[in-house]
Every structure is written in structure tokens, then in C-alpha cells.
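Naming follows writing order (A, B and C), and every chain is counted from residue 1.
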Amino acid sequence: MLDLLNVIITQSIPFMLLAFGISISYNVLRATDMTIDGSFVLGAAIFARLVTLGFSPPVAATAALLGGALAGMMVATIQRGGRVDPLLAGVLATFILSSLNLILMGKPNINLLSQTTLVSFAFAQSNTMGWIVTGLYTVILCAIAYSLMRSHFGLSLRAFGNNPALLKRLGKNIERYRLLGFALTNLLAAAAGCLTAQTVGYADIGMGLGMTLTGIGAIILGQQILRSVTKQPHFRSGAEFIACLIGVILYFFSLNALLRLDIDPIYLKMILGIVLIFFLRAAVKPTLSGNAS
Amino acid sequence: MKILTRTIELLLLSAMLACLLISLAGCGSSSHEKKVGIVVPLENKALDEIVAGFTETLRKTSSVPVKFKIANAQGDMNVQRAIIQQMRDEKYDIIAPIGTVATQMSAALIQQQPIISLAANFSQQDRLQRKTCNIAVVHDEISPRQTIAFIHEVYPQLTQLTLVHSASDKIFPEVKAAVEAGKEMGINIQPVMVPTLNELYSVANALPQNTQGILVLKDILIASGISTLEIAAQKHHIPLITADQGSVQDGAAFALGVHEREIGVEGAKLAAAVLSGQPVCSLPIVDMKRLTVFMNTAALAKENQSPAAIQAAAKKLNYKIEME
Amino acid sequence: MTILNLKNVTLNFAAAGRSILDGINYEVNHGDFIILLGSNGSGKSTLLKLLHRDYQASSGQINFMGKPIMQYPAKTFSRDVAVLTQNCSDSLFTSLTIYENYLLMKQFSGLLKKSNKLERNFLIQYLADYNANLSRKLDVVIEQLSGGEKQALALALCFLQPPSLLLLDEHTSALDPKTSDQIMALTQKMITQHHITCIMTTHDLNIAMQYGNRILVLRDGKIYKTLDKTDFLRKEDLVANY
């Protein structure tokens, strides 16, 4: 049981940053941003390349976060003026990033096992210490993002996601909010990639595959569960974050529990989907209109 | 009706939870058997051959009974990590990851149990730099220089070759080495990168006009689309040369490579040694030395190529020949 | 004092193949309450959109407070010209709460924010003038309010910093008769209290009779008739001129 708890926590820690970023883009900016797959790898790529070139881990990590922010600004620029649908813009940005990541890394895989990273000193002492330090980075970054979302800036981002036309009519520069909003979400994704690379020992060009969809699935799951428990149809930042946490933990719980039930991983995703559907249907009561309450 | 549906749903959910609790209570395997976990990164014929070679050989050569778990991560990093952590937590006696990424992840997450890495780019230096020395490796690369030298032996007049490759982890240094080897032997090798399988068709239909052959190194992505390149090779009446048995079976003319199964066999030998008590760190890094020339005579005929030159070259360089 | 001056204003849409507004000439004085009357397709909503810069005139000139309307920076313009439509979601951030909408509108108007407690106390008092329920629902998300409550709130937020020109595009047409009357009465009260110039579109003759000091009848994109409320105007006359 302890082992199961341990793997759920260790798998959830770096993923939380990614999930929080997706939560902000999905709930606040009201956009499904596929760029996150690419930004996740970008964060890992920049960090790994700089560290292997001899830069200090804090410098490499900062560059990784800035890279993620720039990727977000790129996708916001593609969307500029609402001319390109956010989903399509994200897909296009991912194409660009897949080439960019390869160029940055110089090769498709960079080994970090013997490199000094932000967490290597802690893992050298013990696994527990390593994960505590990794957890601390996650908590700090999440806390900063959370306070931003609770501030007037966060409120303005929400307003942008809800009614950009009104915001524009009120004389605000909506492109600025678009730029900053997507910069934040992709910065978080890059941070997740950067931390993940350090914990799994490599940065690889294919490591971002499916991350956005997994994240969206997790946050929607968490929201549905929280809604059924609290009976609140609308959330604010605190509840959104908790919903995120619930969804991520539940996802990794399901994944690992199914593996421990000796289910062949080939059927894993199908069964995971069915199990999650059951969770949602059991947790959420239908309304007369047929929509989920 | 609604009540019935809801009841069924809740019952199913409860049944699943019950199963989970029972399994978590600790129903393990027999204490006599050794547990060996194989981590397969994604579905692929070549990897299946490696797994087959590994499991069959280890069953035969191990001094103790062995129970295998073959887990396919389907290209998903989260699934792969969960698989490796599960094998670690359930105290598997050996974990055998296939490929570089699975090996790196296993090395990062597992410090105690022995790791027998198959077909990975993990050097002796990487091994020595680790805190705990718990990993042994079977390399699967054959030197691109050997491949180019063989092609030169088969076709001394050949001067233009197109090298189709993906963006996979091992391929870039190999492409570079092949190009350099080509230069020394008077062959101009033109690399063409194909990032995803969707783009292979356009590349196959836009080959340089003066190309005299298509070469694919040990490249899982390109190998999975080999039939597309085979059609192009037939159209131009040029040979399609690869580096693994599977792609020759799928339609390439010939390949200089290793039996994927042999990689598994070598890995099983290492695993058997570990299971009989030998420390994993004392085991050498194994490089595949026995090379085989795989030939597809039907494909050669369609490409208007003669098998005789290939057979003669193989004999001269002491390579085994196998017809597919 | 002339607040709005339209000189030969025309608006063409290529898809329509005709002029939606054709040669509109009119002056609006400060304090006027103009009712724009017309059937569907007469151009009354389009004219309002023109005045709110959602569209740009194809030809002619629109001057607001002596300056071409398009020359005003967005921020200044949004302070001076407010619009309420029948879809109050256009004027509110519907996934935010009443309090959050208030904070945003206040911030965007350039007003300084006081402490949360002071702000909330002020808002409770302020909203009581508009709708008794709103004061109790500061933390309720707009989506959960009734149509009448939303429109009352939109009005309240609009008057946080009273505009110079208020444009109302059938803002009560989606409400039931009782609520519609309440909102109209509230609107009139605020207009009078703050001496605001107002242009309102409607196809409801009763509203046209009850409110405003002048009626502009639009037909096929042109001003068909101008009726002054100081004339002895009966509903039958209005119907005849409609």
C-alpha cells in the first residue's frame, strides 16, 4: 500500500505543474492549448542542453522556464485577433516546436543521469530527500502561479477568457492578456518538463506525446468529482487547484492500481478510460436537461 | 430502468475496488520463481524478436525457474514510468528495459535491482558514472562504416546513395558516421530526415534523380514504413538496403545486420549469470559481433538487382547469408 | 450643446448588396433621450453599432463631442459611451461573480480600489438602488442570476462612472413585461439623475410613447420621420408614422 502511495505521489509531483498550466488555459483562457506537449519537451530540452554545455542548473532551469513562456507567446501571436482557432494554433505551434526542440537538443535524446541538476544533490542523499526537493520546487512554482491567478491579473485573465469582446470595448488591450495568459500556461508546462527530465534521467524528443490530453482528462475528472461533492457549479482559483490535484492523483492512482491488478498495459488505456467513465457517472447525477449537473 | 443502470454501475465499481483491495493485500507469485520484468517501449516486430530471444533463452539456461512479465508502454512516458516503478516496488529480480529511453528511466528509478538493458545506447562510461553499478548492457548497433563498406563491396561502381532516417535517439551520430565513411569510399551519401511516418510517402516520391540506392540504418520508425520505400526502389530499379532482418522480410532487398533474436539471446545469457549469483557490475557490455546478410530474392528481382554480387561480397567478408 | 452630429452617414455591406444606412443626417443635443423606432431591418440596431464603433461608416461623418468618433482612444471612448443590449451577457463577465465584475469595471474605469470590506459595503448599498436581490448575491456568478437581475446589474455597473452617451439596444425586450417595466423605470431614473444623453432602439410603441423626448422613425436605412414629444402626440399618430 505504501509503495502504491509512494509512486502516486512521485508521479503526480512533476505532473501537477503541467496540469495546473492546462487548467489555467482550459478553465480561465477557455482554450485547449496543444502547445503544451511541445512546451513540456522544450523545458526538458533547454535544461538538458544547457546543463550538458556546462551552464549551472539554476541558469538552465530559468532559461527553460523563459523558453516555455516564449512558446506560449508564440501561440498567442498565431491566434492574434482571433483569426486562428486556439486548438489549431496549438497544433501549428507544436509542429514548430517539434523541429525547434530537435535543433536545440542537437540530437533526439540527452542523457542526464550523470549530470548535476537541481535535484541530483538531494537524490544522492536518498530518494525521499530527492522527492522532497522536487516537491518543493513544484509547490513554490504552483504557489506563485496560484497567487497570480488570485490577483487582479488573474481576474483580468478570467475576464479575457469569458468575454474578450467586452474587455476590448472597455478599452483593454486583449492581445496583452492573450500573450501573458499563454506565456504563463506554457511556462508551467516547461517547468514540468524540466523537472521531469531531472527525475527520469533524460530529455527526449518524444517525451511530450499525449501529455495535454492526459492533463485535460485529469482536470475534467477532478472538476466533476469536486462539483458533485461540493454541489458548486462554479469554481475559483483555490477550488480549481484542488480539482486539479484530485484529478491528477486519481489518474495516477487508476494507472498504477490497474498495473498492480496485473492488467496488460496494452489494455491499460482502454480500461483506464472505462474506469474513469464509471467514476464520473457514479459521482455525477444527470439533470432533467440531460447535461451533467 | 434508471435505477437498474445505476445499480449495475455501482456494483461494477465496487467489484473493481474489491479486486484492487484484494490484490493490494499482497497476493504475490510463488517464492521459488524469479521474477523478470521486460519493459517494451512500443509495439514493434524487431522488439518482439528481442523479447522472444530473451525469454526463450533464459527459460532454457536459467538455473532457477523464471516468471516473465512483458509490459508494453505504448510510447507513453507516464505508463512506462509506472511500469518500471511497479517492477521496482514488487522487487523483481531483474528488470530488462529495451531501448535507450527505457534504459535511462530504469537507471534513474532503480538503484538496487539488476538491470539488463537490451538494444540501448548506454556506454561503459555511463555505467561507471552511476552511484550504484547495477546495469549491464547489450548494444545492438553495428558500425555504419561496416554497412557502407559492405555496400561498396557489393556495388563498387555506386557513387550516389540516399540515406532515409528518422529523428530517433541513436540515428544522428550514425548518419554522420555513415556520411563520413561514404566520403572515404567515394560514395556521396545524401541524408533525408523523415520526422513522422506521414512524410515518408512524399520523401519516397521525391528522391534525388541521380540516386543509385536507398539506405536505411537501424531505424524503427522508417523500418515500419519500409513498403513505401520499396515501391520507390522498384520504380527506380535501385536497391533498398536496410540494417535489420525485419525490414528485409517486409520487402527490402538486403540488409547487413544482427538477428534481433540474438540481442535477446545475449541479454538472456547476462540475465542467467545474474540469477545464478554473479554481480551485474562484473558483466561486460556486450557488442553484437556476428553479422548476417539477410536477402530477399523476390524484392531483388523487382528492383532489377542480382543476388550474386551480394553473395560474393558476403562470402568475401565472412558474413553469414540468410534468405528471407 | 450638440453631443452627436451625423452628416450624411452611409453604411454599405457588400454581402447585402445595398446600403444598410443611407444618408443619415441628425444632431443629438446633450440631455436628449432619443427613441429609435423601426421594424426589423430598418437599420436602427446598425445605427447604434455605428455609434458604438462596432462598425465604421462607409461614407459621411460622425462627430462625438466635436471630434470624429473614430479618433477617440478606446479607453476614453469606453468611459464616455456605454451600451446595453438585450443580451446582457454582452455587457457582463458571466462566469465571474457580481463582486468580481464590479472590481473589474471599477479598475478599468481608473478608480482606485479600497479595502475589500469597504468595497463590499459600498456595493451592497449601491446595488440596493437597482435591485434588492443583488446586494445579497455579491458572490453569485452572473450566469446564475435571472434576466432581470442581470440587466439591473449591467445598468448599475454602467453607472458606476456615468457615461456621456448611453446607447440602449432593446435592452428590455428579452424580459417579461413586469421586469421590463422595472428596468425601464430604473433606466429613466438614472438618466435623469445623471443628466445623460440617451439613444434607445425599440419596436415597442408603448415604450416609445412612454419614454424619451424625441422619436426617430427609421425605414430602409433612412430617417423616415422625426417626431418631437413636445408635439401633441398620440399613439395613433405614431402608428400612422411607423
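Following the convention adopted for this analysis, contacts are C-beta pairs under 8 Å (C-beta built on N, C-alpha and C of every residue); 3 or more make two chains touch, one makes a residue touch a chain.
On a predicted model such as this, the values are computed, not experimentally measured, just so you know.
Enquirer: Expressed in steps between touching chains, what is the minimal separation of chain A and chain B?
Expert: Minimum number of steps from chain A to chain B: 1.
Enquirer: Where the centre of all protein Cα atoms falls, which chain's Cα centre is nearest to that point?
Expert: Centre-most chain by C-alpha means: A.
Enquirer: Looking at C-alpha means, what's the farthest chain from chain A?
Expert: C
Enquirer: Once you find the CA centre of chain A and the CA centre of chain B, what distance in Å lies between them?
Expert: So the centre of chain A lies 31 Å away from the centre of chain B.
Enquirer: Can you give the whole-Å distance between the Cα centres of chain A and chain C?
Expert: Each chain's C-alpha centroid was found; their separation is 43 Å.
Enquirer: Roughly how many whole angstrom separate the Cα centroids of chain B and chain C?
Expert: Distance between chain centres, rounded to whole Å: 70 Å.
Enquirer: Which residue numbers or ranges of chain A touch two or more of the other chains?
Expert: If we look for residues of chain A contacting two or more partner chains, we find none.
Enquirer: Tell me, which parts of chain A touch chain B in their complex?
Expert: Checking each residue of chain A against chain B gives 1, 3-4, 6-7, 10-11, 15, 98-99, 102, 106-109, 111, 113-114, 124, 127, 196, 199-202, 204-207, 209-211, 214, 252, 255-257, 259-262, 264-266, 268-269, 275, 278-279, 281-282.
Enquirer: Give the list of chain A residues in touch with chain C in this complex.
Expert: 152, 155-156, 158-159, 161-163, 165-166, 168-172, 233-234
Enquirer: Could you pull out which chain B residues touch chain A in their complex?
Expert: Touching chain A from chain B are residues 9-10, 12-13, 16, 19-20, 23-24, 43, 71-79, 81-83, 85-86, 89-90, 100-101, 104-105, 107-109, 111, 121, 126, 129-131, 167-173, 195.
Enquirer: Of all residues in chain C, which touch chain A in the complex?
Expert: 52, 73-79, 83, 89-96, 100, 103-105, 107-108, 141, 143-144
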